[in-house]
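Several structures are given next for inspection.
Two complexes follow with subunit A in common, the first pairing it with subunit B and the second with subunit C.
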Partner chain A sequence: MAKENNQAISRKPESAVKHILSFVLMIAFTAAAFYIVVSDVVPSGWVIPLLLVFAAIQVFLQLFTFMHLDQKGTAFYTFFMIAGIFIAVISAVGILLM
Partner chain B sequence: MPTLIVLLVLALFLAAIFTGGYNKQFFERVRSSRTWDWLTTVDHKKIGILYLMAGLFFFIIGGIEATLMRLQLFAPGNELFVGRTFNELLTMHGTTMIFLAAMPLIFAIMNAVVPLQIGARDVAFPFLNSLGFWLFFFGGLLLNLSWIFGGAPDAGWTSYTGLALNEYSPGPGVDFYVLGLQISGIGTLIGGLNFLVTIINMRAPGMTFLRLPLFTWTAFVTSGLILFAFPALTVALLMLMFDRLFGSNFFDYTMGGSTVIWEHLFWIFGHPEVYIVILPAFGIMSDVISTFSKKRLFGYNSMVFATVLIGFLGFMVWVHHMFTVGLGPITNSVFAVATMAIAVPTGIKVFNWLFTMWGGEIQFKTPMLWAVGFIPTFVLGGMTGVMLALPPADYQYQDSYFVVAHFHYVLVGGTVFGLFAGIYYWWPKMFGQMLSERLGKWHFWTFLIGFHLTFFPQHFLGLFGMPRRVFTYQTNVGLERINEISTIGVAGMVIGTIFFLINIVYTLRKGKKAEADAWGLGRTLEWSIPSPPPEYNFAQTPLVRGFDALWVEKEAGNKSMTPSEPLGSIHMPSPSYIPILMSIGFFIAGFGFIVRGIPAAAIGLVVVFAALFLRSFDYDHGYHVEPEDPEKGGKE
Partner chain C sequence: MANQTNSSTEMPNHLETATFDGKNKVLGFWLFLGAETVLFACLFGTYLALRNQSLEGPTTQELFDLKLVALATALLLTSSLTSVLAMIKMNERNLKGMVTWLVITLVLGLAFLVLEIYEFLHYIHEGHTFMSSAFGSSFYALVGTHGAHVTFGIIWIITLIAQAIRRGITTETAPKLFVSSLYWHFIDVVWVFIFTLVYLLGKVG
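Right, the complex of A and B next:
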């Protein structure tokens, strides 16, 4: 593991295009989210599910481009995030079902 | 506000008197004083000692509160502490013992030991380590100041909102609970994160995960539990703060809120919390028993597996604290089964300890006595735990002294015995002196006997129908004699604690100097370096060649660890005053919110942000020290 960390310093250089593209996409999704709330483009029952989908896509963009989850040596981060989501879901579902 | 200025001027005045007036050298003198050194330290060993001292201080306060409660319950119809005062005592006893005594003492030992056990020179984030301590300390201070400023919280340590909202608990008491715990909770969360990163990233070469000493493993799992459990408490406390301070209605059922939500959030945090405080005790036991039995820990892999499994299951059982809320038979059954499942990994651990001792060359030094006393005591607590896990039976036991007896058997018999074992075991490593064995044994026996005398009869008090948290009982219902015995038992624990304090004072004055391998039986890396360790811990990072790294080298006939790097200058982090400044900011902000003084709260938050700003533009990259070469006659 100690070795893995040393490797993390010499990770391959990334292209700026990917970051800019992700950034533009995230701005677009945010704008779209505002737009579907203030306008009637989407039927009202679909607004919240659609917002959640947008949010999920943004989370993935954030994690993979800006927080480098697509690179090697991220097993621990992934594990702890999945564990956190798992526990949060168990707790939330537990409370909702009771 | 004027009070604040007066206090500030007074503090400056006193500083001037004790340091010899203001002149050009004033700041220089302050900076080179020992007090300043301790206030700004980022060294994990010193922070460990700070945690230990603060934890023992709060342990004694909590103990005094417990003693006062038992005095009130000594006789039926007693009028020593009645009504609200008794409620305040029981709330503060529980809150102090869990958050301000057990948690910091665990962090004390984790700080003192974990970096040494993994062959690291410090924790991953020394600055955050210091910040975590000071946040905890000022949070605890804020909570305890409630005794002076308008009354302590009185809604129980669980602070159920049916008791804790403004209309049920007027006065600032519960506000102190909310903000004090919020601030110290931030500190705990920071500490937990720090240890996760430390254990993942800072292990010496060769120290794979399955070579970690078991205490480090439990510290790792505990830190994970802190990471996932404390956010639930943070959210719950924030909602309660808004309900009490700003008139929101999260928990007020007359306005569409739900009191059950608080119970869920509290126990989603609260159940992992009890594993947070017990798992490190398990780890200490494993190290102590294996050391003093002179044997490799039996079933190491299964111990690791059991630790992780307990940590995992800890999140799946919170409803067993709420069986009588009325969530329905299916919910109760699911959580009852999950709860009973935890007995399996715990049983694995108990058997592994017994098998470790079996056939070992056992030496009954004080830490080993605590460890051996721990096993039967904890098993008793575990048995009553399984009894309480049965919903139909729980309807009978709930809110009675049976529950009180149960959780004191696991928290005192488990956590406190474990912490005492750990303190006796690692004291030489922390302070470079051996605690007195004779006084240690007196401490153990008086405490053990006093503990069982206090809490064993409480099982029967509960079965005979005495409710917990009630300040009196009537004559002629068969409770007098048992309560008398229970109160007399407290004397044993008080005397034991006094022996412990005498032992500390005696040792600090004329204790025997400790060797590097203080017990002569050391198996893990911390015993391969001098006691107390130099500030850089390891002059050369050791190469780990197996589980029980030092023992492996001893078996191979080597006197010390094989180094994994040449001797060279070592990078050290600089001390920093920012953590204490930031914590004081939080303290002022918390106090401002409690007295409803929003300007004061704003000033506090400004201090916090100023400290954050200072830290962001702090370009101090630390300094380098040249270690002394142990081979060339450098003093070790």
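Right, the complex of A and C next:
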């Protein structure tokens, strides 16, 4: 019984607030990415690295909030994804430099 | 019994991983997503290598309309949020709430698809086709594969909604709904890279 209560409590944090906050951040980074392309607030050499940083942050947010990788017991999922990204980067860079 | 309590404390009270079968489905799906990442990476690599080979056709700077892309991005990003809200409703065993959010997700996904079809038709009109140049081939291969994923996701989620309405939210239907939600988020992750590396990079040059 005590355990069930604990479960109910530990389940609470999976609320909509975290996801909505994450969503607002994603929208903000998306807007920032579009903005630095259409305006010249950022020196031209910095635009592409910044775009990549913004994209990486968004992917991190997606994976760790929307796709629940922040929860316990997801080590294998994270491992599969990291392995996938590792091979993906090698493939993409390999094709690019071919 | 002891085993059951143990496993449920790892991921507290999540219906999708409540059974061994459900756990395997989610685990297998992550392996699939890892493989999908590689598939899209190859298409991205190809596109980035060939994006300036536009022959006499329009270049990326002439072609892309960022307003349209911004709208498509907003639609898909919002649908990702509604999809995760549906999963919260699912774990509250709230069928009506879950179906409502899933239907909103579908509507947003469909709107995205309509925009993409409109965009492609517009490009074909401008002389940018699959056969017109290496840029055209790699562009449609990449963005088209993503669009095909969206289409498949929409059909998949429709069938899952029908099943959930008939059978309710059970340990059998929950893992299916959960992995379809993961799939939908993954589509959004791919789109983040498409709008960054295809559209925004295309405007930067």
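By our rule, the second predicted complex is superposed on the first by the 78 of 98 C-alpha atoms of A that agree within 3 Å, B and C clash if a C-alpha of one lies under 4 Å from a C-alpha of the other, contacts with A are read in each partner's own complex, and residues count from 1 in each chain.
Throughout what follows, a residue touches a chain if its C-beta (ideal position, glycine included) is under 8 Å from a C-beta of that chain, and two chains touch if they have at least 3 such contacts.
Just so we're clear, the structure is a prediction, and the values are computed from it rather than from any experiment.
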I'd like to know which partner A:V47 touches here: subunit B for first, subunit C for second, both or neither. second
Which touches a greater number of subunit A residues, subunit B or subunit C? C
So in the superposed three-chain picture, is A:D70 touching just subunit B, just subunit C, both, or none of them (first/second/both/neither)? neither
A:G84 in the overlay: touching subunit B, subunit C, both, or neither? Say first, second, both or neither. both
Subunit B versus subunit C as contact partner of A:M98, first or second or both or neither: both
Same subunit A residues contacting subunit B and subunit C, which ones? 76, 80, 83-84, 87, 91, 94-95, 98
Contact residues on subunit C for subunit A in the complex? 5, 8-13, 17, 26-27, 30-31, 33-38, 40-42, 44-46, 48-49, 66, 70, 73-74, 77-78, 80-81, 83-85, 88, 91, 182, 185-186, 188-189, 192-193, 195-197, 200-201, 203-204
Residue numbers on subunit A that touch subunit C, as the complex places them: 3, 6-8, 10-11, 14-16, 19-20, 23, 26-27, 30, 33-34, 37-38, 44, 47-48, 51-52, 54-55, 58-59, 62-63, 65-67, 71-74, 76-77, 80-81, 83-85, 87-89, 91-96, 98
In the complex of these two chains, what residues of subunit A are touching subunit B? 1-2, 5, 76, 80, 83-84, 87, 90-91, 94-95, 97-98
Quick one: which bits of subunit B touch subunit A in the complex? Just the residue numbers, please. 196, 200-201, 203-205, 208-209, 224, 227-228, 232, 261, 264, 268, 315-316, 318-319, 327-328, 331
